[in-house]
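The same chain A turns up in both complexes below, where it pairs with chain B and then with chain C.
== the complex of A and B ==
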């Protein structure tokens, strides 16, 4: 088995083994066992990367095109490292976070499924397996968000994220299949070599929109960002892992993967850039007003994802418009920021989890003055938050600098006119100011100021609990101080995204005095001032009415669609059989009319027989009787008229030389008349309900039109006989082959005996049905009597 | 022969129309039932004349059947009008 396949499979094996293990070994925390799997997967991935075994192929369902083809390029490697390493840290953290009373087996099972699915997403070269793993991340994320399923809010949050991400997942399927239909290949790498074919296809825009919707929903871009703050009802390790470091970056991964295919279109660049910039601005603006610590981090994650998306948009320009290296920088910045964000946001979530665990609350208004009590947590939080704010010397500063300079560079593209550049820069800079504000305010509200009475007596967390965030913080500091150790990794990842070699990347703190640095300084100054005078401008948030949010829109859309479908359902299903018949006949009439309208055939050639006088009389009798049935005022009268029609039909069979059918018809008619009369006694008086003119008119119109349709179809069918009847065969062979002279009977029992068999079965079933309907009557008294006896 | 049969057929057909008029119009239910019985018998005549016209014997059984059915139908209608139901049975739900 190939190393890559094993690496993806390992977490799934763990997902099966850990709960089994847990049910036998209650004493050992299953988290320790679960830790083996991400570590082993990481080791396998590093080995296969170093040994150059970067591809694997497994023909799973080759006829459908669904193969497990894995490809470990630089970009995928970065992601797999984030997934496995942060996964391991999160699992280690969760050992202390989750008490023994939780459903630990379930938790690690879901978490490992998620990990495997995420590895599958980033490694998949086959589009169908990409989609499969993508949906698996949605499902396992749903399970993890609703982990505390006794809480109403958890269920709500899980449902919301499920609906939105699965909507996106289906869009992804649509987009990928569109791409497959254009390129006739299921491999992403082959698609990347066929960019000209894809760009020339009429389905190009369709695929583009589908893929973008998928990426935007998964990565919580505006306006699909609403699920992420609600997903904070999950346990904190889950939030740290899924909703900051890995799953929400799947959309970023998707956009980056397909940048070489789609960036040829200005629509892609505008959509990605501006969706990202608006998300960056809107989420950072909203993050400031959150009271819940995790709410702040959720909005901050959304905003940082917007930042990455913007960078990918600008980076896309490099591929097709300017072969200018300045836009390469944008992709490198995005890759770098993916790494940085995963490190500091993971650490921050864990810190928040620790605070929540040790103080019993996450409410910013209740917390305060924890600096002296929790010094180590405080240090970790300071470094994480300052990195998030983009303060030197941490890694957030570096990627923020690269980000700002990329934004300034965007003005050099022919795609962006001055107005667009201005809007973009305004969104981005204001967003960055708010990022600074919420990062600093987070520190200030939690660790500075006075201490309030807390649900628990606050104290420092045990070292093992702190280990994971501290490791992440170490990464933040190290990559902040010596960023160039990451340069080879970022170069490899950027080359993989751009499908072109990118080298000579140098990340440095000091670029000289340039617009980006000046902007950063401005951001710091303005941000500090705004934090200090927060109470003065806080009322800005009251400008947006409470219910004017996308959440309200989502809720009302959900409610309205439910209401609408209820209405439709109710009106159709509860409309009674009359309505159903109207619908059936109406459809029949409309379809006939459409057929006649769009495919006029004419009546063709009729070969009419002579009309005999007694046939005419019989027709008149039937017509009169039918009319009488329709206008009958009493039930018995209509029964008599019905039997008159039946006998006349029998007579018609006589006229048309069908003695057997006439015999049967007459017998059946008598029996059914007798049945009608039997039921008659038990039936109520014939009440002609809804006897209004309008009602009658409707019914008459439908009846007449239905009759006309049937007549027209009959006439047309009669006029177009293309082949002679097969009755010659029966006439010739009825005696020779079947030894009978009565041809009807021979056909019934010999040539086509199967029909007769099942007709008999129908009669048998009808008989048994009638018997059971009459005999087996459930009465309430019966059961009572039986129990009494 | 055939002309006679055809004329007979037309006459019987018209008489059926007459019976039908009675069946529709008939002031009481008994009128209608009698008319229906007569229609049954007229139908037998029609079939008989028709088999002469077609020179075939296959319709004889239909005539017999019509006779039986017409009788049964009339009896059941009569019973229905008399007692309100056709098949009586002892109810043992006392």
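== the complex of A and C ==
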């Protein structure tokens, strides 16, 4: 088995083994066992990267195009490292976070499924397997968010994230299949070589919109960001892993992966850039007003995802104008920030989890002055938050600098006119100021100030609990101080994104005095001032009315659609049989009318028989009897008129030389009449329920239109005979082949005897049915079904 | 003659639909019977009412009327009779059980929500 396949398979094996193991070995925490799998997967991935075995192929359902083809390029390698390393750290952290009373078997099962699915997403070269793993991340994320399923809010949050991300997943399927239909290949790498074909296709925009919707919903871009803050009901290790480091970056991954295909279109660049910028601004603005620590981090994640999206948008320009190599920097910045964000945001989530665990609350208004009691946690939080705010010398500063200079560079492109550049810069700079504000305010509210009474007596967490965030913080510091150790990795990842080599990347703290540095300084100054005078301007947040949020919009959309479907169902299904009949007849009438309108055919050529006087008399009798039946107000009268119609029809059969059916009709009419009389003896008087004039008019209109449709269809059909009848055969052979003279009877029992067999069966079944209806009684109060004597 | 027969069948269909749309179960059953007659007449007319001999084989006869629609109608009559009989008994039983033959009152189960 290939190393890559094994690496993806390992977490799934773990998902099966860990719960089994846990049920036999209760004393050993299953998290320790679960730790083996990400570590082993990481080792396998590094080995296969170093040894150059970067591709694997497994034909699963080759006829459908569904193969497990994995490709470990630089970009995928970056992601797999984030997934496995942070996965291992999160699992180690969760060993201390989750007590033994929790359903630990379930937790590690879901977490490992998620890990495997995420590895599958970033490694897949086959679009169908990409989609499969993508949905698997949605499902396992749903299970993890609802891990504490006794809490109403967890279920709500899980449902919301499920609905939004699965909507996006279906969009992804649509987009990928559109691409498949354009390129006739299921391989992403082959698609990347066919960019001209794709760009020339009329379905190009459709695929583009689908893929963007998928990426925006998964990566919580405006206005689909609403699921992420609600997903904070998950246990904190889950939030740290899924909702900061890995899953939410799947959308970023998707956009980056398909940038070489779609970035030739200005629509893609505008959409990605501005969706990102608006998300960056809106989420960082909202993060400041959160009271819940995890809420701050959730909005902060959304805003940082917006930042990455903006960078990808600007980076796409480099494919638009082939000579513009300055935009390579933008892609490198994005890749660098993916790494940085995963490190500091993972650490911050874990820190928040520790604070929650040791103090019993995450409410910013209740916390304060924890600096002295939790010094190690404090140090980690300071480094994480300052990196997030973009303060030197941490890695957040570096990627923020690169980000800002990319934004200034956007004015170099012909795609961006001064107005767009101004809007873009305004959004990202204001967004960055708010990022600074919430990062600093978080530190200030939690660790400075005076201490309040807390649910638990606060004290420093055990070292094993602190280990994971400290490792991540170490990464933050190290990559902040010597960023160029990452340069080969970033170069490889950027080259993979752009599908062309990006090299000679040099990341440095000091680029000289340039606009980006000046902007950063402005952000620090303004941000510090705004934090200090927060109470002066916090009424800004009251400008947005309480109910005018995207959440309310989502909730009301959900509620209204449920209500609407209920109403439609209720009115149609519970409308009674009459409504259904009206709908059926109405459809018949409308379809006939449409057919006549859009495919008009003349009445054709009629071959008519002569009219004889006694036939006319019979027609008049039937008409009168029909009228009588319709207006009849008593049972007997209507039955008699009905049998008058029946006998007249029998007489018609006599006139039209059909002795057998005449005989049958007369006999059956007699029996039916007797039956009617017998039953009606038991039935109530004929009552005309609710026969108002309006009711009658409606019915009459439908009835007349139906009758007219039948007449028109009949006349048209009669006028068009394209083939002679096959009756010649029967007439010729009735005596020679079947030895009978009565043609109707021979047809019934010889030529087409099967019809007769089953017609007899119908009669028999009706008889049995009638018998059981009368004999078999079942009452609700009987305990068993039984026959009533 | 065929035109008259087709129009007659159409009128019978209209009467049948009118009866079926009413709220009394009895009238619905009568309506279905009328519909049967309409359809049988239509079947016969569409086969052509050209005058010919009764479809019983004889040495001297040149033209017969079409025997196929007749065979079809014969089958249809029997089947519709079976169904009418069953329907009548069903109406009888439902009246005994439910105490009404008003279709507007025979309305399903109570709502499962709201």
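FYI, the second predicted complex is superposed on the first by the 686 of 789 C-alpha atoms of A that agree within 3 Å, B and C clash if a C-alpha of one lies under 4 Å from a C-alpha of the other, contacts with A are read in each partner's own complex, and residues count from 1 in each chain.
Throughout what follows, contacts are C-beta pairs under 8 Å (C-beta built on N, C-alpha and C of every residue); 3 or more make two chains touch, one makes a residue touch a chain.
Quick caveat, the model's predicted, so the values are computed rather than measured.
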**Asked** What's your read, chain B or chain C touching more residues of chain A?
**Response** C
**Message:** Under the stated touch criterion, which partner chain does A:680 make contact with: chain B (first), chain C (second), both, or neither?
**Reply:** both
**Request:** State whether A:657 touches chain B only (first), chain C only (second), both chains, or neither.
**Result:** both
**Message:** For A:666, using the defined touch cut-off, is the partner it touches chain B, chain C, both, or neither? Pick first, second, both or neither.
**Reply:** first
**Asked** After lining up the shared chain so the two structures overlap, which partner does A:640 touch, if you call chain B first and chain C second: first, second, both or neither?
**Response** first
**Request:** Identify the partner contact of A:715: answer first if only chain B is touched, second if only chain C is, both if each is, neither if none is.
**Result:** second
**Asked** Touching A:470 in the superposition: chain B (first), chain C (second), both, neither?
**Response** neither
**Prompt:** Just chain B (first), just chain C (second), both, or neither: which does A:173 touch?
**Reply:** neither
**Prompt:** Which partner does A:628 reach: the first (chain B), the second (chain C), both, or neither?
**Reply:** first
**Message:** Quick check on the superposed pair: does A:617 touch chain B, chain C, both, or neither? Answer first, second, both or neither.
**Reply:** first
**Message:** If I apply the document's touch criterion, which positions on chain A are contacted by chain B in one structure and by chain C in the other?
**Reply:** 657, 659, 680
**Prompt:** Once bound in the complex, which stretches of chain B touch chain A?
**Reply:** 6, 9-10, 13-14, 16-17, 20, 23-24, 29, 32-33, 36, 39-40, 43, 46-47, 50, 54, 58-59, 61-62, 65-66, 69, 72-73, 76-77, 80, 84-87
**Asked** Which residues of chain C touch chain A in their complex?
**Response** 1-4, 6-27, 30, 33-34, 37-38, 40-42, 44-58, 64-68, 70-71, 73-75, 77-79, 81-86, 88-93, 95-96, 101-104, 106-108, 111, 113-114
**Message:** Could you list, by residue number, the parts of chain A that touch chain B in their complex?
**Reply:** 613-614, 617-618, 620-621, 624-625, 628, 636-637, 640-641, 643-644, 647, 650-651, 654-655, 657, 659, 662-663, 666-667, 670, 673-674, 677-678, 680-681
**Message:** Under the stated contact criterion, what part of chain A meets chain C in this complex?
**Reply:** 566, 570, 573-574, 576-578, 581-582, 585, 606-612, 615-616, 619, 622-623, 626-627, 629-630, 635, 638-639, 642, 645-646, 649, 652-653, 656-661, 664-665, 668, 671-672, 675-676, 679-680, 682-684, 686-691, 698-700, 702-704, 706-708, 710-711, 714-715, 717-718, 725-727, 730-731, 734-735, 740-744, 747-748, 752, 755-756, 759, 762-763, 765-767, 769-770, 773-774
